[in-house]
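Two complexes come next, and they have one chain in common, chain A, joined by chain B in the first and chain C in the second.
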Partner chain A sequence: MKRHGMHHISRNHARMFYQPVVGFLALAAFALLGYAIWLCLHNISLMTTKGTQFVGFQNFVRLATDWRGLQALWRTVLFIVLATSFEVILGIAIALFLDQEFRGKKFVRAVILVPMIMTPVIAGLTWRFLFNAQSGMINYWLSTIGVAPVDWLGNPNVALYAVLVADIWQWTPFVVLLAMSTLETIPKDLVEAARMDGASEVRIIWHVILPMLRRTLAVAALIRAIDSVKAFDLFYIMTKGGPALSTETQNLYGYTVAFTNFDISYAMTIALFLTIVTNIALMLLNRFAMPKGVR
Partner chain B sequence: MTRTGSASRSICIAMAAAFATVTTWADIAVGQDKPFAGARLSVLMVGHPTTDAVRKALPDFTAATGIDVDLEVVPEADSVPKMMLEFSAGSGRYDVVEASSIHVKGFVDADYIVPLDDLATRYGEFYDKADFVPGYLTPNTVDGKLYGLPLFGESSFLMYRKDLFEQYGIAVPKTFDEIEAAAKTVKEKSNGRIVGITMRGQQGIQGVYIWASYLWGMGGSFLTDDGKSALDTPEAATALDKFAHVLREYGPVGVANMGWEENRLLFQQGKAAMTLDATVNGAFNEDPSVSTVVGKVGYAPVPVQTDSPKGGSSSLAVFGLNIASASQQQEAAWLFISWATSKKQQINSLDTDPNSGVTSVAAMNSPAFDKRYGAFKKAMLASLAGGNPQYIPTVPRANEIVNNTGIAVSKVLAGTASAADALKEANELNNAALTR
Partner chain C sequence: MLKKILFYLILALILFVTLFPLYWVVTTSLKTLRDAFAMPPVWLFAPTLENYGKVLTNPAFIKGFANSMIISITASVLAIAIAAFAAYGIVQQGPERRRSLEGFVLSLRIAPVILFVIPTYYLSMRLGLLNSHGLLIAIYAFINIPFAISLLVTFFEEVPKEMREAGLMDGASELRVFWHIVLPVVRGGLVATFILCVLFTWNEFFIALVLSGRNTQTLPVTITSFLTFQGIEWGALTAAATLIMLPMIILGMLVQGTVVRGMAAGSVKG
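So, the complex of A and B:
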């Protein structure tokens, strides 16, 4: 009886600590969401003197028929899929490689994390200079083996992939970091036992190591996917959405509508739409692609 | 508890008394000739040599008026969103903003900035209207009222390498066809070692700013007389075709992502025979510390292809200082803007910064100006005289129109659409924006 009472009281005490915080966060989230929806249903533009009017779903109808917005959405999806899969696959490969014992391992591990801690602005500028068609290093190296200069950021068929390369360079180390920390927790005797039984290295990786990495990789993929939806800095610095709109993601389009055209309501509609699509996609990913333990 | 309370209260009283004494002294010292001493202005300006010169001279202003200035300097692209957000919220966060004159009409319609004529008659100690280049005042005037004081201005012109033109026997181009012919000759005779012509091709205002020369020079325009989009015309399509063709055939690699800096550097490094750009580039070409082509560059007006253009093919861009309607200290703000644009400060700026964009006639006629910028002064004044203030549309939706047009320019330059199709698309988007 007494113990039950104690338990009851201590639980109440704990509640007193977290409830106000949760309440405040919920209030802030709902207030902001409410304001965002209110904006979407009006026609607020900083460049007009007509005044604010309620326009219902007009902004959503406009988005549904806006080829520029739809193309940007498609480009965003393409970027998310490519960036996430390259980063995860490359990340595991590098982590497996670094899991061997070799001289200077600590140094290599430190160096590989450099891109991740670099400010996006510096990373973007560095890649912009590397990709420069006239005086960039990449074209210089290519010229030494006799390849004609490639217009990396000026060719609409190439520019998106150039930004992708920069993103992969910057964020693969994140996957490496997560995978390496998990690899260290894998009991070595399991691998040894498999080796004793005569399993090849490929089979060991496939049947022993990867299944144990599954949870980590799922989390890494989820975090990278969410981050690539939000990708903005590299695009803004390297191409500003050009040439010929070939690198304009939904995010960048929303930014242009808000801060070049000052069409606040429409920009908010684009942002809200992207949020909804992303949430649905991530929920599906969570539901079908994730192992149970991760959920 | 009580003791601490009373102790802190007496400290407060003492501090207040001391403060009051200081203020009284200050008032006595200031007297009547500094009516706004003690005011603190918040000013938003655009990163530019002129702004640097103003910042360096701020202590002079404070000494003369007793007004303190908090100066915030941001890149041009960021300045407009910043001021728009504060303006639309009516916050009064900025007393003074620096903006391109293309925004003036929109700001006036939205009641964001105030007319200056009344302030000018009341506090004229720094102000001399007759000293401003007249062409710079016009775009800052709406319905006969002055809304901004020109801080710096520029036009555009054709820059070409005199040495190469002489070597290859090329005459200075007067039409866009002659530009193309000259670019072709350079490319062929130098075996592709030197780029025929370089221009900005980056999507957005960068590409549109330069392409506009072709548009106006071909007899086209952005808008019709009754305010509709005019980009679906044969003139506009020819202009875009010629612009894209000369760059794709005889321009530099990577032109589709080149902005002002990239273009300027390429020409300064002697890698191109021609460029069409802002007059401020002249100051860089003639600066031995950054340029390898000092003294080798000729300057000429922007070519024109038609006999009856709707407007000049060289630009006229003016950045002015405006006073926010929400400002609580408009008189002090006026003193600041009239000081920053005064004859004295502009002449002074020539010694402190590479400021070829002065708006004062006296500064342009000063020996310092001739010494530094004599090489292109004549061509610059000619371009200014024929400069087109409607070069980039000045309607409230200007940004959106430039944005849509930029996509068309970029598409044709990248070869993903024909000029007629791309411009038709931009035309529809522009008309939608104009009626929204």
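So, the complex of A and C:
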């Protein structure tokens, strides 16, 4: 009884450790959200001398009918889908490939980490360098197999895919490492048993290993999807949304509206829209695509 | 045997694709202008430190380096100090409350940064705070706190409950237990979390681009100003790039295990 009582008190004391912090975070988050909504409902722009006016949902109507914004939205969706699926599929394939004992496994694991801890701006510069139309390595290699040079970052039809390649390079390792550590926890005797029964390697991977990786895959896909909504560095450094707006995503469009046009309210509307869409997508994913127990 | 050769061939390919970009940047930084743009590329060359000399005597780069150091270290220390308290408190809660607390902390990391950068920019501009180190330190600390909490919770929960209970039984205050019993046990986790916070702050670009002024520019922003010079000086640029990323890659390697854990503990990029 006495022990229970003390436990109760100490739990209350432990609460004092997080309450101020979480309380402050919650307060800041709600204040910011409130202020963001307030900004969205007004017409604040640093470029005009008009006074601040309440404009209701005018900014939202503008967003729904803004051709440039809609195209950016479409591009964002395309980028998320392509980046996430390539990274997850390639990542899982590499992890399965590396799931065996070989010399230097530790070294390989450490080296694979490099792209994801590389400063994203530098990763962008590096790929801009490699994709350079005249002196880049990619075109040099293509020329050795007789392919004509491609203006990777200057051609509106391919620029988005050039950025995609850089994103895949930087973030596939994340999926690889996550999958590798899950694979190590999978009981090997299950796989052995299936092998004894004469199941082919493909069948084993499909029916035994992949189901056990489902949770990890879901988490990895979720994290990659959220991050690609927010992708900014690679785009800004490699193309700045060009050529001819062909790589402008919603995030970049929001940035341009806010800090080139200084149309604060409209930029906020784009940002809020992006947040809402991300959250809905997350909820749907959580509800329908996630196995139980995945946040 | 054939299978083994094939395995090592594919392995070599994976490593090549992973490392070639890094290798190319570092070697280009050691080349003369002529070698850097030679076609076909030169693989063997006499290395020169000329590009590094140019970068290290560039006042903008030095200033950016100092800013990055000051901002990332101060913000990370602040974030860890605050997050450690919160994480300790959260771990002691019952499963239900814990889940909702962790859920809330995680949700803070999901919103796109642009959502709060615009209001912050607008407010700081009106308050005249845009060109101060304090603003960036506060923002980065704020961003790192939820991340640090989610990561530290995973370290704190590894501390045996009995240690804390024994301390409390002996009549020590919660604060004493936290400070003298629990913190020493999670020292390794604290260091790893600190390194990751520094890494993220050092690498972060969007917030720095928007909220930093002439005096507070961090390195990722400084390096983009190298881009707009007449044409791109790839030699100096790759030297600067090497100086910016290599220390972080080394730090990241030191806390290898924590990197993936940290990234999974909450989607990483702010």
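As a working rule, the second predicted complex is superposed on the first by the 281 of 295 C-alpha atoms of A that agree within 3 Å, B and C clash if a C-alpha of one lies under 4 Å from a C-alpha of the other, contacts with A are read in each partner's own complex, and residues count from 1 in each chain.
Heads up, the rule we're going with is that a residue touches a chain if its C-beta (ideal position, glycine included) is under 8 Å from a C-beta of that chain, and two chains touch if they have at least 3 such contacts.
Small disclaimer: the values here were computed from a predicted structure and weren't measured.
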Using the superposition on chain A described above, determine whether A:196 touches chain B (first), chain C (second), both, or neither. neither
For A:145, select first, second, both or neither according to whether it touches chain B, chain C, the two together, or no partner. neither
In the superposed arrangement, does A:29 touch chain B (first), chain C (second), both or neither? second
Just to be sure I read the superposition right, which of the two partners does A:259 touch: chain B = first, chain C = second, or both, or neither? both
Contact breadth on chain A, by residue count: chain C or chain B: C
Residue by residue on chain A, keep only those touching chain B in one complex and chain C in the other, then list them. 258-259
Chain B contact footprint on chain A (complex, rising order): 45-49, 68, 132-134, 149, 151-156, 159, 239-246, 256, 258-263
Listed in rising order, the residues of chain C that touch chain A in the complex are 7, 10-11, 14-15, 17-22, 24-25, 28, 37, 39-41, 82-83, 85-90, 92-94, 101, 103-106, 108, 110-116, 118-119, 121-123, 142, 145-146, 149, 165, 168-169, 173-174, 178, 199, 202-203, 205-206, 209-210, 219-220, 223-224, 227, 234, 237-238, 241, 244-245, 248-249, 252-253, 256, 259-260, 263-264, 267-269
In the complex, go through chain B and note every residue touching chain A. 81, 84-85, 87-88, 106, 109-111, 201-204, 252-258, 262, 266, 271, 396-397, 399-400, 403, 406-407, 410-411, 413-414, 416-417, 433, 436
Chain A to chain C touching residues, read off their complex: 6-7, 10-11, 13-19, 21-22, 25-26, 28-29, 32, 35-36, 39, 44, 94, 97-98, 102, 108-123, 125-127, 129-130, 135, 137, 140, 169, 173-174, 177-178, 181, 219, 222-223, 226-227, 229-230, 232-233, 236-237, 251, 254-255, 258-259, 264, 267-268, 271-272, 274-275, 278-279, 282, 295
